[in-house]
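A, B, C, D, E and F are the chain letters, set down in written order, and residue numbers restart from 1 in every chain.
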Amino acid sequence: MAKLPFLIGILLSSPGVLMAAEIDKADTAWMLISTALVMFMVPGLALFYGGLVRSMNVLSVVMQSLFAMGLMGLQWAILGYSLAWGSDHGGFVGGLEYLFLDGVGQEANGTIPHVLFMMFQGMFAIITPALIGGSVVERIKFSSFCLFILAWGTLVYDPLCHMVWHPQGFLLTRGSLDFAGGTVVHISSGVSALVLALMVGKRKGYGKQSLPPHNLLFTLIGGALLWFGWFGFNAGSALSSGGLAANALVTTFLSAAAGLFSWTLAEWILIKKPSVLGALSGMLAGLVAITPAAGFVGPGPAILIGLVGGLVCYLGVRIKTRFGFDDSLDAFGVHGIGGIFGALATGLFASALVNPAGTDGVFYNLETGLHLLGEQILAIGVTVVYSVVVTFLLGKAIDLTLGLRVTEEEETQGLDATLHGESAYQS
Amino acid sequence: MMKRIDAIIKPFKLDEVKEALEKLEIFGMTVIEVKGFGQQKGHTELYRGAEYQVDFVPKVMLSIVVDQKKVEPAIEAIVNAARTGKIGDGKIFLSDVSECIRIRTGERGPSAL
Amino acid sequence: MAKLPFLIGILLSSPGVLMAAEIDKADTAWMLISTALVMFMVPGLALFYGGLVRSMNVLSVVMQSLFAMGLMGLQWAILGYSLAWGSDHGGFVGGLEYLFLDGVGQEANGTIPHVLFMMFQGMFAIITPALIGGSVVERIKFSSFCLFILAWGTLVYDPLCHMVWHPQGFLLTRGSLDFAGGTVVHISSGVSALVLALMVGKRKGYGKQSLPPHNLLFTLIGGALLWFGWFGFNAGSALSSGGLAANALVTTFLSAAAGLFSWTLAEWILIKKPSVLGALSGMLAGLVAITPAAGFVGPGPAILIGLVGGLVCYLGVRIKTRFGFDDSLDAFGVHGIGGIFGALATGLFASALVNPAGTDGVFYNLETGLHLLGEQILAIGVTVVYSVVVTFLLGKAIDLTLGLRVTEEEETQGLDATLHGESAYQS
Amino acid sequence: MAKLPFLIGILLSSPGVLMAAEIDKADTAWMLISTALVMFMVPGLALFYGGLVRSMNVLSVVMQSLFAMGLMGLQWAILGYSLAWGSDHGGFVGGLEYLFLDGVGQEANGTIPHVLFMMFQGMFAIITPALIGGSVVERIKFSSFCLFILAWGTLVYDPLCHMVWHPQGFLLTRGSLDFAGGTVVHISSGVSALVLALMVGKRKGYGKQSLPPHNLLFTLIGGALLWFGWFGFNAGSALSSGGLAANALVTTFLSAAAGLFSWTLAEWILIKKPSVLGALSGMLAGLVAITPAAGFVGPGPAILIGLVGGLVCYLGVRIKTRFGFDDSLDAFGVHGIGGIFGALATGLFASALVNPAGTDGVFYNLETGLHLLGEQILAIGVTVVYSVVVTFLLGKAIDLTLGLRVTEEEETQGLDATLHGESAYQS
Amino acid sequence: MMKRIDAIIKPFKLDEVKEALEKLEIFGMTVIEVKGFGQQKGHTELYRGAEYQVDFVPKVMLSIVVDQKKVEPAIEAIVNAARTGKIGDGKIFLSDVSECIRIRTGERGPSAL
Amino acid sequence: MMKRIDAIIKPFKLDEVKEALEKLEIFGMTVIEVKGFGQQKGHTELYRGAEYQVDFVPKVMLSIVVDQKKVEPAIEAIVNAARTGKIGDGKIFLSDVSECIRIRTGERGPSAL
């Protein structure tokens, strides 16, 4: 539904007359910069994650995101865009007419150039697999990780994107709402990250040594790029300039601010120390939680979603100490938990006044709201089950062939030197 | 008599060595990050597609001053904890310390350790 | 006057028909990105300041700006926006109709969605109190700082914003000009920073030890974010796309370049060493100085303002060695002095040709110019006196209750470990 | 040709009626942010380069780019814009009517304010000389470098910009295509960097010691800013929002992704270690290679240009080990080689379908293509010869007067301490 | 005879110790950043809301080679300047140095200090 | 008998000193980054247009344990390689090492070097 302008464009025009739709230069200006903003999130993620590991592994972590830009960028142009956005097949996957971007040009798609729509969507297809890396840092084989995200992007992300956002996608047509990627991006990557972390196993020394972040300033810089870029991610998902984009930008900011506030406060009260990593994690939790809701809820609910989202994720990352798995950088704790919370909250707080293309959630209209909530739960369920199953199969296949994990010696000496032939720092 | 044990070990062995020493009730030590040259050669690194040799290997040096009678147990503990059997496990050097002063109290000798 | 489109929107339409005004999508696109740009300045400030302190305190400094995002962001949504931009009360403060953003939606306010106008203004309300932190780093209690900025934002920033920018604000209606916040942002925070620094006292070792910056690269990155974001700050204050925004962007760049040039040259001539911190400080001085003038003066005067602004602030930061106070990161020396200089320069160089909503300054029309200059001086005076008095009262109140300063042991061991339970770096 | 809107604006209107042309607010919004994006590349370059040198010289490298902002920013306002974009003199250089930005105001130039066009172009005039610094780091005298770029900007960049982009520039009127600066920016700076490196000589210890990068994370951050900013650089060169800008943004992204991919893969296959610096270098190679082509070729060819561009530059940087010169940070290897490759590739892949202002290249129409290729080769030749000759003369003149190189002691102790009186890091 | 004084102190005491030594006309010393383990326990740090114990404490080690006759005054000066009275003030270790060479001139013995 | 040579040198001389020692077939050494105080004064640095004095000078300390008979050649090699003739070239300190153990094998004495 977030993709409404696109939907209208498609519905009103057979492909042959797509060129007839008109490009709006102001919408295009906003989508140009939004696309650039989402791209900027990828190095943001690299820095956010990179600062949190030990210095001997920082480059290996950075490389996961950086190389995803090349690998998944090309995959999207060659195959992924078509699988996600090509003509519908049963509500699950797109056709192959856009292979190698065939027929994707400057003509209007909605009110922006088709090629720009393709690229904006492509940035989501890059960052989503990169998110997964956070749970398996400091021990996964780089070659196996590359193979995994290539297959995962093709088999998980592209079809999910179709189901949730394509005008004939089965989750969209049933009525679930996901403005900018609660299910497609965060839940899918979050739960896959958990499965992969379980398969790869814990880091050597996990639970015994402390493995603290080596440079929180890089994490801060990464967090800054993520927050900044997220405005493009969420407000760009309006696919146009105007009131809806403005609403999405404002809800995005307020939820992030509220998440930052509540997580930090929780630490302050419980442990007496409000920390920078806590503030950044809360901000991230707020951003994740608002993602599916940004264009369907108003500023007030956005603050609530952020406040609760921060607390929910705070608990989310504490789970692992209870269950003893090593989701090293909390890809599941933040993106999985936060994404599920956000998708549910959309069912509660969505308002047709904010976005006529949406529905009233539980708090505004119990009838439509309960139906919406049901669809949200279905969408979450489909995303979780599908992601978990495919990730497990892919993980097993790779483990049995290439192997998922580096040797103990490589892990001990650090992946930067052993896999990438580099050291991040020289004194 | 007090002795100073300077043990140069692989960095990731620090925790294990420390634990082994604590078992001997040696609780004081000072740790220095150093670079080592020796039989263990450094690795090659890349610079824009060109490889170059990195000569040094990151090591950790533990400096522990102990009473004479704890020297042998300490050495044994370090050797056991730090050994991987591969080149570059490191060395232990022993030397004499003629006096030790605890700054906080001014006390001297082994009891100041 | 910088807020003219808003002004017209308000004047022409009773609140009931505000929805009738039309949203311009191009203006909205520019304001969306401008809002994001100003947000980006907050982590920019965190990094700029963070790099300048000792490594044991970097996180505590970063946290001042970061937490302001949560705290002041929520304050703005709940109360601040209404105090600043609600219906006028005597020219001094706004009413309470916008409490909890009630009635602030996607309807047009000028030519952009109201909610977006609110958010753009909100970013100013966040960064301004964060600026104050620069004078009291490495020794102020975090809890006291939070309490201080919360009260200061409510009692100083919000009313000042109303007086200077609200269409019925008394300084605006009298005729003073402040395009993007010379008085509201820089003078207010700069002089408050000075007062607070005097109340908190010097850092232990100040004047005896050297206390040098621990990482100038982070300061560079912060400076880059600030410069980049300042385009949104100043050119966004046109509240529209077009010639005025273009003029503001160009004057902003040229003044910053000129300030960078003149400060560096001063060092080069006087001490024979042109330094990176000098270049960055000069850039900042140029940006501060042009802020009130950006949309009222042309490119030529902007260069002059930057050149002189760089030199004035260079002298400004040297004052403290003469008087022996510890404005640690020169919040007063740069923002206070630079802001006052810029407000005066606006009175000299403003031109109605550049912006018909402005007035001719002294160099273009002696009559209107002298009147303008008088109003500028009045606005400076009001800002200085009001900020100083309230800051002093707040500071005293907090000092007598919570205490402003950490213990000597906390200061010695560093605030990161003692107050925030973190270390920025692990080797 | 990339500057077509400008061209039309000029042709249709005598200067007297230039004000009559109309400003498009959406185009202006996009150009405002594009200008900010290109500015952001300058600190990006500072960080990219700064991370690659030894820590004792990082500030001296940063300062080259930073001070260029002040120096070349003012040069552009005072003289450079007029030399490049003033009324034509023989196809080689502009007149002096715009000295001190006289007559450069908010009136339309094409569809954007003239003053904004001036500033967008100005950012190119700043970053181009800063690029040269990469070949002579860690040993060039700062004063000499400043003098050199001031003269080089005036004598090389400004006239080249006129020849290639001004509507009456002789290379443009003959028919060569350079969308965003393959010749003007990359080839000119790349070959000049090579000449200057030969004149300044090798770093002490070069070839014997390893001189590895001191902080690859700063290089990553710099790379991120460069990639992000390059969207403004290339897509902003459409000087408007819409299909052409969208095309340029997409080709820019895809070529960078492809270059990142191919360089990394080459390392992976040849040395078994895919490195972060390799990925970043490949990305940069892809960006450089697509620059002249971005608005003339479609997405498919962009991928090819990126893939081959990555490999070509990989070889390009290996040349120096064969020939034994010290192009320290590969300004020639990446910008020179990549720029030449890109300019040729434009002759092969340009398509009038993508941009009617362009021509069909060799692969689309052999006749027009071969002519175009000939013009591309001519443009390359003119740029190379002109840049080499002037750089050599300037270098000699400076060497004989000020001297190009620091003393051995300064080089040994590091330029940060000796020339700039600073250390980047304190522990 | 020359002696080597290795003093491990709290980092923020470095300036004061240095000044105290300069008063004794001891102008040469070498400073190393180290991590200390001892009775003074490290602090707890946070990681996403979880606390963990940091074992080491940042310390500074001064290595000063002096002529025998300056040993006692130097120790006294260090102890006075570095003492805060709290656990973790540090230790001073004394050992023998059999020779000293000034690289610049090649001269040997105490005069080379 | 084994001796420990602690040589404090200018950082950029490290490579040359290392090469000189390798010519003597001394392949093992440990390198520590240190800050030196001595006759060589630090430089002045800038902070927003104000100058301040930086007291310390970055130095590198080489710690090399060698057999007694290699001591003099080693000293000579270091002096020659590290000398620039300017103040601050550094010092060499000699002390006794009573034992040496190779962790990997447990072997002791000079053969463990």
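Definition applied: a contact is a pair of C-beta atoms (placed from the backbone, for glycine too) under 8 Å apart; a residue touches a chain by one contact, two chains touch by 3 or more.
Computed from a predicted structure; not experimentally measured.
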Give me the set of chains touching chain B intersected with the set touching chain C.
A, D, E, F
Which one of A-E, C-F or D-F makes the same contacts as A-B, at least in over half of the residue pairs?
D-F
Looking only at C-beta pairs in contact, point me to the busier pair out of D-F and A-D.
A-D
So, what's the distance in Å between the C-alpha centres of chain D and chain C?
34
Distance between the centres, which are taken as Cα means, of chain F and chain B, whole angstrom
18
CA centroids of chain B and chain D: separation to the nearest Å works out as 51
Mind checking the centre-to-centre distance between chain C and chain E? Centres are C-alpha means, answer in whole Å.
46
Which chain D residues reach two or more other chains?
24-26, 29-30, 33, 212-213, 215, 221, 271, 273, 275, 277, 420-423, 427
In chain B, the residues touching two or more other chains are 32, 45-46, 51, 54, 95-96
Between which chains is there touch?
A-B, A-C, A-D, A-E, B-D, B-E, B-F, C-D, C-E, C-F, D-F, E-F
Within the complex, chain E is touched by chain F residues 3, 7-9, 32, 34-39, 55-56, 59, 61, 75, 78-79, 82-96
Enumerate the contact residues on chain D facing chain A in the complex.
24-27, 29-30, 33, 37, 54-55, 212-217, 220-221, 223-224, 227-228, 231-232, 235, 240-247, 249-250, 253-254, 256-258, 260-261, 264, 271, 273-277, 279-280, 282-283, 298-300, 303, 354
Okay, in this complex, where on chain C does chain E touch?
205, 208-209, 412, 417-418, 420-423
Chain F touches which residues of chain E in the complex?
4, 18, 27-32, 63, 65, 95-104, 106, 112-113
Chain A - residues contacting chain D, complex
23-26, 28-33, 35-36, 39-40, 43-44, 46-47, 50, 58-59, 62-63, 66-67, 69-71, 73-74, 77, 100-101, 104-107, 112-113, 115-116, 118-119, 122, 142, 215, 218, 221, 225, 419-427
